[in-house]
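Across the two complexes that follow, chain A remains constant while its partner is chain B and subsequently chain C.
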Partner chain A sequence: MAKGRPNSKRYKYPLPIHPIDDLPQLYPHNPISWIYWTYCYVKKVNALERKIKVELTGKKYVHILVKDNNDMLYLWENGFFGTGQFSRSEPTWLNRATNRLLPNDEDKKNQVALEKVTQIRRSQRAEFKKEREKMEAQLLELRKQGCTAEEEQEFIEKERETLRELRSKELLLSSIDNELKFRYEDNELFDDMGNIIQLESLELLPVEAIFLTFALPVLEIETDHLFRRLAGDPKNVNYKDIYGLIKKYVAYHHYRSHGWCVRSGIKFGCDYILYQRGPPFHHAEFCVMVLDSEEKHDYTWFSSIARVVGGVKKTFVLCYIERLISEQDILKLWRNGQYHKVFSSFKTSEIIYKRWISGKNRD
Partner chain B sequence: MPGQFEKSNNKDDNDDDVDLKNSTNAVDSDLDEDEVHQDWSQVAKLTKKALKAKLPKRGEKEYEPDGTEIQDAMLVNARKAMYDTLFNSIRGSMLKNQVKAFYIPDRHVAIIPHPKGNFLQTIGRVDKTGICYLNFLEFLYLAERGTVTPFLCNDLNDITNGNEYQLSIQEIYSFFKSQNEMDNFQVYAHLKRLGFIVFPSNSFESGKTTFYPPTSIFKKYFAPSLFKSFYLRIGLIFSKYFNSIANDIFYSTSNFHYMKYLNSISIYKSLNKLIPYHKVPKSKLELLDQKFTIDQLTTTNREFELSFDVWKPQVNFKKKCPNLPDFQIVVYNKNDGSQHFPTYHDCQSIFNQLDYKFGFVQGKDDFDWDSHSYTDEKLRAEYLSSLKSKAKQSNASINTKVEGKKKKRKINSFPPHVQQKMRLKNGYRSFLLAVIDDGIISFTRMTESDFGSENVWYNPTNSKTKRPTRKK
Partner chain C sequence: MEIEVENETLKLVRNNLVHNLLWKEVEICDETISFEGEVLQLIVGRPVHDGEDIHETKVGKEYVLPVEMSQYQDGYLTLECIDQVFSKLCPSEVERIILAIANDDGTVVFYYIYKGLHKPRKNN
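And then the complex of A and B:
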């Protein structure tokens, strides 16, 4: 697979606020280097030079969108925030469109979108299965003619060898064929300069937006304003309105702040999935369901999710959120805009839910 | 497995990058001869492995009839073997070997006046006169298996008079006191049939082994070290205030303009002060601390009680004073309107009741449970040596004796980041929940875990030793 930049460089920083890591070398015997160092230290700041623009659309269901191409990439590469609207997760639509319509554009050529990789793999797998089915049919024919066990064994051996060869060939030839297909409506994708217009934008989860505003000042939006849009006017909210958001955010912040890359777990029937470092590096190994410590569900509820989660070889984590102060106090803090005090008034704890199979635990 | 292929490719590429960097570094920097020499055999192995394409695995369920006689013949043969075995084996029991058990309705137990048989190793309780007492579950289980012949005994004299009334299995079932007891029987019988050793959790008055030392020993040996942790706890209260001040600063609007963060880790450390998390006991000392100090402060609701102690199949099980169980089970009937799936607080109260082989405290290779558990107010090792009989219970399960079986790799031998992953996945204290749905049992393991004490962030400055170990 061709690659533009190595992952270790591309995803160097786990958070969109970068540390000050380009201070000059300090020579203990050279006082000038001390002065220069101090100058650099004082001058440099962690804060972003230019915050990222977001658009909030929708009244009841707020969509938080980032539209600038570079901003989208920045949020993805520094902590894997948001989801491209036309993509699986990383906003790759523009690249894919360019690859499809302008295959000679050298800059973009060597970046293969993950969606494309999956597509290739699936077609290969289908091809393989077809081949295998053919061989199986031959074997059955052989059996019907009444072959001996040795003959059958020999055939199975041959079948395996052929399939293995096919597989190796597939792996070698897994380069990407650029089929040039131009549709009539594609004309509308180009601007006057002949470049493709970016149609995709990056949509952030509410919790991601809170994290990027309240915890790390990355988005160009006021924290108060964001909360107002997400939960309603703080003057007339009641506890129920804000609690859902608080619960989700407390869990999100908890895992984010211990180094996990937290993404939505909707595809696995739970609230979050946890990646170590990020999606390009590892599979997610944990699925998190966020629950209130008083919350009750029946067994079927638990076992349904656990079976889905177990089916994709992940660990099912129940994350319980416990309120430490009264609802009235929470509301008071919320109205005063002391959000960090609100969030630190909830405690998290985890219980792992796992199916236990009696026959497999005897030794 | 969709996804596997693409990810592994990605990762390989990444590894290649790292490897390349390392090799150039080695050449550039200090030209130690040891480092320049390369081991090509390893590389050869890798390329060989990479070239040999693996065939995708197939599922297990492929029993479709293919219309050939061979398949039919195989099926017939297999069936015949089963029927022959069942048909030719002798049914019934030899009169000489018959064991009679008498059910006493008043006391809801059964007695065996002349106990004999292998089952006695793991079932029943023999008193000084040599009579074996079975609890009701044991009685029914043995009767169902045909190991004992069940009789009714309204009057103890009946036994000597020969005035016997033999019970049918149906009649025994009518003696169940409650649905709850019937649920318990299902779990009991299921596990017994699989070879587990099962006793009701409250069945030992004397000779009970516990992980927790008696108060006298605790005060003498463990309290001093816990006293330190008492100071730690005071420290914790203070650190709470420090945290809240730190949070005030961190979440102020101009934080990143006047505070300087020289690496990502320091940003993470400031971030993770915000949400408090529940610390679970992870070591022997922390477990004792929980038991003797914290446990006394909080009143636990006892809606859920442990039902069974379970030991893995093992030889030389000593039923008079068994060692710590391997699992503890809570039984829950999902169709009983008066019961509910344990909530968080229920789980906590069950965790606090647990007293089994806490697997996570045994760090070293030669961890001896006898010197970490207590029987009759004494260290179990001492207790056992004080017993006259030298029938010391061997902890070995049968399977460790089978040679050639792969031994489990010790946790300590894994690299730190793998150990961390194992800690997160395996968790700490755990109990089994047996969920009953009209005769079908489903087991679930509920385990405490602690994501708050583990940090998994990636440290870009030293990617080699990137994952910090557990906070103490």
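And then the complex of A and C:
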């Protein structure tokens, strides 16, 4: 992880496709400058040099995984796509595991050691005292038996020597203390070279994968193939098989194209949460629930979600999706692979739901 | 040497418990039941922080049931399903299980499910 790199640099771009922003300086009075500028402008492309590989696993519930470390970082840093399977959001498991199991980096060692140092020293001190007590008891026993002064002196010498040895052994042990934290299960984590295996993948939401395939050419997968895996064979699908996915995607695309960073809202019981820039910058401001324009719910449904959303100090947005053409037409377009037309046949409109408290909302 | 488990969700939750939450004595139970086309199998293990919470269970170990959830598809978890898990997969003295919901957004969330009514925990 790039430490000490300011967030504004690290997360410069809101999407994985970047604008052409490194054209040469143009000097208006110099014709050669114009020619060079035009040449650069024509030659530059902003497509990715290499599309990002994804693996699709699972049958009914499809999981879309990115396994390459650089690709995971790229998708995270350019728009905050996906979630590390063992992390809160950014995939950090490998770093944490490395810190835990191989803390050879001086910086990291100090961090880890601090919490442990006291504990280790206390146990060492206790061990040392126990040993000393044992020796003292032996000396007492020796005296009882009526030993000579020389014999006593000799024993005390030996005692000192033993204790000194114990102490130096302890110091040695404390430097390889890591092995104490090593668990049997951790064996699974090492390859033949002694490196830690990356166990974590970045998982993309189905809607994120659609956005990075259908809307932006980022993932190395055909749009048709992705939809086939997510919703089934287009020849045999019913409207209700595809509608759930369409509804969620239309809302996702709507917010992404308006510049929001959209992430899963599962922790707050809604569909999406919206960040102005991304998780490292601010808390999410809005919780979005995606609904069909005809959908009806009783009051407790709204109020329970609104209470959760209010509890985390966010604004609750109801995003209604309205179909503009018939179900048959949608199905026809879907079967022909005209996804662009499918998604543009829906309209979104929003309502903000806020609890009104007479005592607090007077002004 | 990665552990070989066929069921991806089971493997994901098991690895999460062992290598992310650092649970101890984690084992995948042998018994399975199938419910609406899904194979259900428990994972048993001991959480690292033996807080007050853990002592509530007589067994001392937690039984974890991995299930899947999707943003755009219906789930399969029902009361009947949970009943079957308690009666067929758990030892009879188990009073609660932990539901591990693997979502399609890469998160696993955990919830307790009790067998019948349960006195709420004191809020300290």
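Just so we're on the same page, the second predicted complex is superposed on the first by the 273 of 363 C-alpha atoms of A that agree within 3 Å, B and C clash if a C-alpha of one lies under 4 Å from a C-alpha of the other, contacts with A are read in each partner's own complex, and residues count from 1 in each chain.
Keep in mind that, in the parts below, a residue touches a chain if its C-beta (ideal position, glycine included) is under 8 Å from a C-beta of that chain, and two chains touch if they have at least 3 such contacts.
A quick note: this is a predicted structure, and the numbers were derived from the prediction, not measured.
With both structures placed on the common chain, the touch criterion links A:G82 to chain C but leaves chain B unconnected.
Once the two complexes are laid over each other on the shared chain, residue contacts for A:R323 go to neither chain B nor chain C.
In the superposition on chain A, A:R277 makes contact with chain B only, while chain C stays out of contact range.
Shared-chain residue A:T57: touches chain C; no touch with chain B. When both complexes are overlaid on chain A, the residue A:L163 reaches chain B alone and has no touch with chain C. With both complexes superposed, B is the one of chain B and chain C in contact with more chain A residues.
Of the residues of chain A, not a single one touches chain B in one of the two structures and chain C in the other. Those residues of chain A lying in contact with chain B across their complex are 1, 3, 6-8, 12-15, 17-21, 23, 41, 44-47, 114, 117-118, 121-122, 125, 128, 140, 143-144, 146, 160, 163-164, 167-168, 170-171, 214-217, 250, 253-260, 276-277, 280-283, 285-286, 291, 293-300, 302-303, 306, 315, 317-320, 322, 324, 339-341, 343-344, 346-359, 361-363.
Taken in their complex, chain A has these residues touching chain C: 57-58, 60-64, 82-87, 93, 97, 183, 185, 187-189, 197, 199, 201-207, 230, 244-245, 247-248, 264, 266-267, 271. Residues 1-3, 8-9, 12, 15-16, 18-20, 22, 24, 26, 37-38, 68-73, 103-109 of chain C touch chain A in their complex. Within the complex formed with chain A, the residues of chain B that make contact are 2-3, 5-7, 9-11, 13-14, 17-18, 51-56, 66-71, 190-191, 194-196, 243-244, 247-248, 250-251, 253, 255-264, 266-268, 271-272, 274-278, 280, 312-313, 327, 332, 334, 340-341, 343-345, 347, 397-400, 421, 424-425, 427, 432, 435, 437, 442-452, 454-458, 460-461, 463.
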